[in-house]
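Next up: the structures, one after another.
Here subunit A shows up in two complexes: once beside subunit B, once beside subunit C.
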Partner chain A sequence: MEKIPEENSCKNIIFNAVLKKNPILVSGMVIAPAVMTADSFSSAVTLSAAFSLITFFTLLISSFVPKKIVYTIRIIMYAFIGALVYVPSAIALEYFIPDGIEQMGIFFPLLIINSLIVSRSESIFFLETKGKMMLDIIFCIIGYDAAVILFGIIREIIGSGAAGEKIIGMPVVFSAFTEPFGGFILLGAMAALLRVLLAFIKKVRQK
Partner chain B sequence: MVSGNEKTEASMMTDMLIVLLVLAAVSVYYYGLRAAILIAITSAVCCLTDFICIKLRKKEAQLSDMSALMTGLTLSLMLPASAPYFAAVTAAVFAIAAAKQVFGGRGCEIFNPAAVGFLFVSLCFPENILTYPGYSNTFMSMPLDSLVPSDVMLRPSMMRAFIATGSSPAPLLDILVGKFYGPMGTGVLAVIAVAAVFLVLRRTVSAIALLSEIAVSGTAVFILSGFDPLSVLCFFAGGMTLFGMIFLSCEYSTVPKTKSSRFIYGILVGGITVLLHYYAKAENAVVYAVIIAAPFGIELDKRALSFAGMLNKKGIFSKTNKSVKHMQETLDILEKNNEEK
Partner chain C sequence: MEIIKNILLAAFTSVIVENTIFSRALGTSTLILVARNRKNIFGFGISVTYITAVVSVLTYFAGKIFDLSGDSYIYAPLVYILILGAVYILTLLGLWRFAVTLFVKIRKYIHMSAFNCAVLGAMFIISKYCETFTDYLVNGIGVGLGFVLAVYITAIVYDRIYSEKVPYSFRGFPLMMIYIGILSMAFWGFSGHIANY
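This part shows the complex of A and B:
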């Protein structure tokens, strides 16, 4: 039996999914909903919940799509599965967080065809065992959710001077960060900081 | 050793600084000590941020590089004299850190740093940045607190009234000498017009770009305002239009390199300014126009250079062909770019 290379160890998969290849901060995936909707802690949690539900179940069901089917048809099938998963997800989320889902607007149904679904279903499914694939997907989703929630918290503090919708008395509030353009800048700054952190981890590991 | 090109850039910077210092002096005359403090704070913070960013990037800081000072001066003149000091500091830090150093520092900027810094604070603190105090000839007329007390009358700019009514709210003389509610150093039309002539004659500012911007926007406003020349002057003086066209869009690091690109870029900036002014009711339309047109300028340059390269390869135009001066200059830029590669 072929020996599993070190790169594919569980520890590495988790590290890559959460930090080294973080879907939003490193790979730049699913940026638009984050920038447009996650301007506070509560909206970031709503986005994370919607993203997690739709992505996880779509990828789980998509993993049963046979490799024999041609690429074009496979992609259409993923979108179709995403649309099917969207219906129960929307019902569940509208029941638990109706206001949050309403605020997401068009960005909620657009999660059906998010880039993580396409990239992960194509690059990982046919190369890895199902267990490792699921581990990768779960930690990818955790990496995305953690980044989006942190992004929402920072944005709410510096953009609205509030934390969890409570005013915390910031001396200066930069309301531009609640706008999409400010969101892009903040996301860029967070991506740069993550790169600095990764470079530091690499240095420590080498030592 | 200083190359010929660097010498030209230093001379351009000196010209720009002279003009900006004259405008700074006029704003100190109108708004007193507070204007001087704002100008000093913005310029100092720009220089300090530039120095820190250069050190963080592990590059060598050059004393001859006055671009940060130029950005600081330009930015400070775009602010109202009542702007809080923290807003000036924020604008300066954002302009240098996010719009200049992130893109690779001097000469690599895509967007004009002063324009980006101003837009950022006008979005963050609109109530402080888009309301203006009246002018006064007394040196200590404005209080020196960071946030001006509520008893100081702050009003929307003259441009806001012009947008609302469609006709000039101020008489000709006031427009020429900048005696209206607006940013502290961008409304003195007479001085800015002289500065434009000086900079064009010194070849510091691209005549092609500037004239095409003025021609396009001036003609459009003249027609749209029902052939009212006072409205045209009001358009150029208020909303920092002429100031922005000279110091933001035609500044040597922002303007495209080839003449054909400069011409098209000028038309774009002028056209977008008028569109945003009349149809989006934007108060400082030129600042948005400069930012929108900047990426087009880069693309236009690329197209012009590749076109010139193609013609040169086919032997249609060459450097020895004296009849097409414009193409020779474009080929010079192309050669320089190839050498740099």
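This part shows the complex of A and C:
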């Protein structure tokens, strides 16, 4: 029987952040940009880059905001730090991926108040030690990015019959999956599949 | 008469046709959290509608003072967060001073009704597509009401979605997404669709 990792072990933090508590497929966070913009591999990569940059630096800087300040002010400070981080992030990403960023539209600046920054920061990240917090943030971001890229790839294949903008000759194409409602339905199906995978992992571990 | 017709049309568009959740997915994460507790829906709805209405009006004036078009667009989030922060603090201070009971009641969730994608998204969308003061105000209220409508429609099936009768793999969040997807498809019909055959 495999030893179940301790609550605070590195392995457990990574497993929780990427799979068990995946920010989008389990916790239902930062859904809007994924559903609205990640309809292909390239758009999913753009979203992942924007999300990673803004979330990592905003959470990192926000972790230094003193707890003595009342929550009412702290939450405004987090959002303001997000808006400050957005400026260099927008300049950098517009330089490297101008078309992708233009396609994201308002969903790029909206990342400054994503659920990881507004909700999860206070309830989980800032309660941990700095080292553990960094590890948790990095793997939460990786978990989100991996899920969004997979979501974008599947959506592109079944919605446009293409992979990486190359037509792969799918016999049937369901263009509805490129629409927001198709995104919601696919996200639900992926979340259900992850549940099945997690139940399987649990079963294997118990054996 | 023409003004009333335009206001009703704008309100219908922002509540139904361009519903913040079902057509743009804005605030979906917040919706999932709020739908859990039906008791808070009414208070939360009023608070979101009030905040979207006030920040939309202030966004109109901010647009007159700052030029946030072109390259300056990257500074728009800073201006919008300052507006949102000011409205949030002044509302809390006003309630604390004049309506303590209400302040105690809503302080648990007012941060959620102010700092979410639906409110900030409304500021971006309204500043992009609206021109007159009335447009800003009507659409601001419409976004809030549209959000409340989406929360209500979701909350009424919340218990069924989390029921033990639903297979474990679909219970809760996965089924909630599929449900919102089906509703989104229905609302999508309002914007019109022409089949290409």
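We adopt the following convention: the second predicted complex is superposed on the first by the 200 of 207 C-alpha atoms of A that agree within 3 Å, B and C clash if a C-alpha of one lies under 4 Å from a C-alpha of the other, contacts with A are read in each partner's own complex, and residues count from 1 in each chain.
Definition applied: contacts are C-beta pairs under 8 Å (C-beta built on N, C-alpha and C of every residue); 3 or more make two chains touch, one makes a residue touch a chain.
Everything numeric here is computed off the predicted structure, so don't read it as measured data.
Student: After superposition on the shared chain, which partner residues are touched by A:Leu59: those of subunit B (first), subunit C (second), both, or neither?
Tutor: neither
Student: What is the contact status of A:Val172 with respect to subunit B (first) and subunit C (second): first, second, both, or neither?
Tutor: first
Student: Does subunit A have more residues touched by subunit B or by subunit C?
Tutor: Looking at subunit B versus subunit C, the one contacting more residues of subunit A is C.
Student: Mind working out whether A:Val87 is in touch with subunit B, subunit C, both or neither, as first, second, both or neither?
Tutor: A:Val87 contacts subunit C only, not subunit B.
Student: In the overlaid three-chain picture, which partner chain does A:Met36 touch, first (subunit B) or second (subunit C), both, or neither?
Tutor: Only subunit C is touched by A:Met36; subunit B is not.
Student: Check whether A:Ile112 is in contact with subunit B, with subunit C, with both or with neither, and answer first, second, both or neither.
Tutor: second
Student: On the A-aligned overlay, A:Leu19 touches which partner chain: subunit B = first, subunit C = second, or both, or neither?
Tutor: Touch partners of A:Leu19: none, neither subunit B nor subunit C.
Student: Who does A:Ile185 touch here: subunit B (first), subunit C (second), both, or neither?
Tutor: In the superposition, A:Ile185 touches subunit B and subunit C alike.
Student: For subunit A, which residues lie in the overlap of the subunit B contacts and the subunit C contacts?
Tutor: Residues 176, 179, 181-182, 185 of subunit A touch both subunit B and subunit C.
Student: Within their complex, state which residues of subunit B touch subunit A.
Tutor: 86, 90, 98, 120, 123-125
Student: Enumerate the contact residues on subunit A facing subunit C in the complex.
Tutor: For this pair, the touching residues of subunit A are 26, 28-32, 35-36, 71-73, 75-76, 79-80, 82-84, 86-87, 90-91, 106, 109-110, 112-115, 118, 176, 179-185, 187-189, 191-193, 195-196, 199.
Student: Which residues of subunit C touch subunit A once you look at their complex with the stated criterion?
Tutor: Those residues of subunit C that touch subunit A are 22-30, 32, 74-78, 80-82, 84-85, 88-89, 92, 111, 115-117, 120-121, 124-125, 128, 168-170, 173-178, 180-182, 184-185, 188.
Student: In their complex, what parts of subunit A are in touch with subunit B?
Tutor: Residues 172-176, 179, 181-182, 185.
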